[in-house]
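Before anything else, here is the set of structures, which you'll find just below.
What follows is chain A paired twice: with chain B in the first complex and chain C in the second.
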Partner chain A sequence: MNTASLVIERGTPASRSAGIGVLTIILLLAIAPQFLSAGAVDRMTALFIYVILAAMWNALAGFGGLVSVGQQVFFGLGAYFAIRLANAGLNPFVSLFVSAVIVGAVSWPISLFMLRLRNGEFAIGMWVIAALTHLLVNLDRLIQGETGTSLISLNVYDASTRRLTIYWLALASMTALLAILFSLLRGSTGAAIRAIRDNEDAAASVGVRVTGTKRQLFVLAAFGIGVAGALWLATAITFQPKTYFNVQWTAYMIFMVLVGGIGTFEGAILGALLFFLIETWFGGTGVWYLIGLGAAALAFSLLLPRGLWGTLEERFGWRLLSVGYRVRLPASAADPTGEAISPAPTAAHSEKA
Partner chain B sequence: MNATPNGAVLSAAGIHKRFGALVVLDDIDFAMGAEEAVGIVGPNGAGKTTLLSVLSGAYPPSAGTIAFKGDDVTALPATQRCRLGLVRTHQVPKPFGGMTVFENVFVAASHGAGLGRDEAYEEALGSLKLCGMLSIANRRAETLGLLDRKRLELARALAAKPTLLLLDEIGGGLTDGEAGELVETIRELRRRRIGIVWIEHIVHVLLQVAERLICMDAGKIIADGEPQAVMADPQVISAYLGGGPK
Partner chain C sequence: MMNQIVQGVLLGGYYALIACGLSFMFSVMRIINLAHGSLAVLSAFALWLLASRFHISPFLGLLVVLPLMAAIGWALQHFLLERSARGGALLPILTTFGLAIVIDNLLFEQFGADTRSLAPFIGSLSYDSWEWPGSLYVGKLAVIIFITAVVLLGGLQLFLTRTGLGRSIRATSEDPDTAGIVGVDARRSMAIAAAIAMVTVGLAGAFLGMRATFDPYAGATQLLFAFEAAVIGGAGSLWGTLIGGIVLALAQTLGARIHPQGFLIGGHVAFLIVLFIRLYTSGLGLRGLLRLSTRKAS
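Presenting the complex of A and B:
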């Protein structure tokens, strides 16, 4: 076959330097606490958690087409199981991650019936699951209903050790989860995930295991959001069910992803950063902050439906953390980033096999 | 008239398909040999596309059994049938709109044909080349016009490495020149020993490839055999000119 001379590109020169840039940023973040105030360290921890939430919701909805407004169920369960495990005597830091594994395990049976639903039914169904789980957690005597409880065992560590440990754990979790997500979405499973999003029947007709692939993504997202919930508990110490099982968490995820750019890996991270900045600057203004968030989400969905990164990607052909495939065509070899390659026939190969 | 059950690569027996009270397929018996090229014609609403959907596993028959390569596949969903080599295209194209043309085809090569990365690349590029789509490999599928969407259906199905390909009106709306290219492509598939079932309204295009013709009307097969004989069959003529067999 004479297509052998064609090359499939997975990145651009820009995306290769972006990889180095990402590594540098993570290394800088790892040593950053030396130069940051205690308050700033806490804020940065929150940012890492936001990035995890945005990346997970984006993977589910932007890549997999599974729009859920009930992801707070895994956030709340992440915190709840951590409380339970720590109460049973497990080291509180270890509890955070064991808890996330349990969240992932719990999401599997949930997926068995939830993934039979499609679109709006799935979205609202997840919200119902979240509300139901919230009520069940309230029944646990340890939690004392809406009074809540605390991750008391963290108090054996002094405040600065605690703060730094949580910071590094959050940074490491974010890095690891983004890496896992990126390699999943970049591989052949990622292509199947996007195919299911675009047309489930067609995906099945070309051999994609639709339900199994969705389940894989659903469980991974549950695990990631479970990590985020447990980390949030570690920073906040107190656990009140209504705070953690609040739909606002999913609303934040949706906001970050829509503003950043749904369905692009970079977009979710950018959206989390924007949300973090908006919250840092305007979070103290109370109800106006929420009105501003809502207005911004509305403006973005009307004016820039592809979000910030999606728009930049479309206009300038920017691809930094790209999961896609490009065929380097002979006619366009000089312009590997060219978005719109001319559809004119370009007599690619003349010799016959 | 049909291929013997022993030599048949695909056989369907007693197929019924009902949607509520509506009977769309009414006791279809059908068998074909490997490497055979079968055309299916019939007036609108005859049940052609439904037959293809039932054969490919998009939905189960209300009654009847389907065997492929000697195994009963009636209970197998489309994903598994595709992996066995029974692949269809869609009459109304169903591209993966947010993905590029290459990515559309790559999904089929890596999941349908079960190929590793480099082989899947090769298979995907080969399918695109055969269908004349290499030059637009990096276009997002949602930007394609109808003709390219139909071509993409064919390229994507091919990348799944079918032994039997079910084509549903991939030639509709083509100019004579384009139809000629399509016929050439299908002939190439036959040289690669791929069996073909092809539903098409443009009979003169179909007859350049099909060595056997089936005419359906009102959920039944009303004629099956040598193409010219089928076209001359009084029942077929009456189905097309109105009146119907009832």
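Presenting the complex of A and C:
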């Protein structure tokens, strides 16, 4: 094969039009509250939070190879610090984001420790951290144990201002977090991240800084989930430690990412969308809904571990939000779809060098 | 004080019992089964059902439930874990987590949110105690649990070192491919190991039900206890698990003395301290935090 004639591409025509499509969707969402009922605005806010959760868990598990079942710790802390800051007199909306920054800062020392664990040990280790944090938050007198408390200072805003502000904050946070993740994955860190995802030992052997890269993802995921927790608090107002530090949040994240497609940027978003629809339709069925979610996660991990998007992507060579590199053979050899060779560490490294 | 230490040590027996299945499975299959706690609770509910519906004492009920748990373990390995382990080290975590959610919620659907206990079905055993010198009162049940744990751990150790089947399980845990070359059926050994692990889980579930209360969502806590005891006990031998369980229980006892809500906090903190020390004294990454050294046993 004549290597000189290979073309390295960073996108496809589809991915370029998808980029424009994404911008259009975000603009439409920004003006959507004009046309939506109050209830619909609330639901959309929930959707944005789900997208954040899915994208952040995917960043950690799908790209960093770190499956955690304790991510609810950052969700709960995001809400808890927001309560604390607002109680100290900070504007409630500002405290949502300051809180997330604190969560990110707290996750740093945790990462020093936890990232030395592997696979299942990391997964349950994080769960222990979440359980311990939950118990410690319960000790705070302000929280009053499991009784909980509320973000009272938000009440100075009238209901519709509050609803719209939270909607836009959620939309902006989602967009910003997805953009950060996207640029991280597309940049030189992204090459390292995908190398780690594909084979950690091999990546380390060619000089990828495995732990440093993982730590970046860990802190980003903690920050993002902290934002999500704080936003959830803003929509729900009440803070009961049990609801926020519930492992169910991680179950939702796992469901969204597994069904959508673990390790693909678009898959997490698709998964969040599906989860949102399923919740809207079946959420009322209570326990059977949860059984269904668990069974779906079980089935996908066994039968379709690449998830919906991963499978479609593989079969049809789709790339909408392309973070990788494509090696295209010259016209004679290429099949119509352009036979994508999915992000190969070698391609990544020629780029890095 | 002395009394609390004795109680703590005895409670450690229960933790060792629930931890040994987890670390046994991990050392043979390299899988941490996140449904571990939920399966223990499942066993407790099965015994409760037998006792309350058919008036079968939980001890007799074990004759039904333990074979059932063995079958579940075999099926678990055959239909779920074997398949998902082929997809890498991360997939089994997700599979077993999904399974845990399904089990927890099915139990909730079937039995509701009420907390149950097996204590009413074991007569005076649940509150009887012996008086030991120094006016120490120790519960008969707690002693039975502790002795069961010791016997089980010792039996498992003997089984792994002295029997052909045990040796083939150990060979599989070292290296399934090489074991295959020398004629060990690795798939069979793993399925048997899973069945054995589930029998210990079933037993742990029974004692969970007898010594305390449980509800459909109690599995997560039991999983954390099992994991903590196994990690604290560390990569020694099965006896390490017993020490891990005792340390965990003593830390919880100490935590409860310091603060009324300190019981669980004490356990978690002890776990993290041990982890911290282990990480910074070993210097190496923790490849096998939970791994039982079967070599030492031989």
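We adopt the following convention: the second predicted complex is superposed on the first by the 325 of 353 C-alpha atoms of A that agree within 3 Å, B and C clash if a C-alpha of one lies under 4 Å from a C-alpha of the other, contacts with A are read in each partner's own complex, and residues count from 1 in each chain.
Simple rule for what comes next: a contact is a pair of C-beta atoms (placed from the backbone, for glycine too) under 8 Å apart; a residue touches a chain by one contact, two chains touch by 3 or more.
Values in this document were obtained by computation on a predicted structure and should not be read as measured data.
Once the two complexes are laid over each other on the shared chain, residue contacts for A:Ala204 go to chain B alone; chain C is not touched. Look at A:Leu298: by the touch rule set out above, it reaches chain C but stays clear of chain B. When both complexes are overlaid on chain A, the residue A:Val327 reaches chain B alone and has no touch with chain C.
In the superposed model, A:Val67 makes contact with chain C only, not with chain B. In the superposed model, A:Gly21 makes contact with neither chain B nor chain C. Touch criterion met: A:Gly263 reaches chain B, while chain C stays clear of it. In the superposition on chain A, contact of A:Ser188 is made with chain B only, not with chain C.
Overlaid on A, the two complexes show chain B and chain C touching no common residue of chain A. By the touch rule above, chain A contacts chain C in their complex via residues 61, 65, 67, 69, 113, 116-121, 123-125, 127-129, 131-132, 135-136, 138-139, 247, 251, 254, 258, 287-288, 290-291, 293-299, 301-302, 305. Only residues 26, 31-32, 34, 80, 83-84, 87, 89-95, 97-102, 104-106, 108-109, 220, 223-224, 227-228, 231, 259, 261, 264-265, 268-269, 271-272, 275-276, 279, 285-287, 289-290 of chain C touch chain A when the two sit together in their complex.
If you check the complex, the residues on chain B that touch chain A are 56, 58, 77-79, 82-83, 87-88, 90, 94-100, 102-104, 106-108, 110-114, 117, 120-122, 125-126, 128-129, 132, 134-139, 141, 148, 156-157, 159-160.
Within the complex formed with chain B, the residues of chain A that make contact are 1-4, 6, 8, 188, 191-192, 194-195, 197-199, 201-210, 263, 324-327, 329, 331, 338-346, 348-349.
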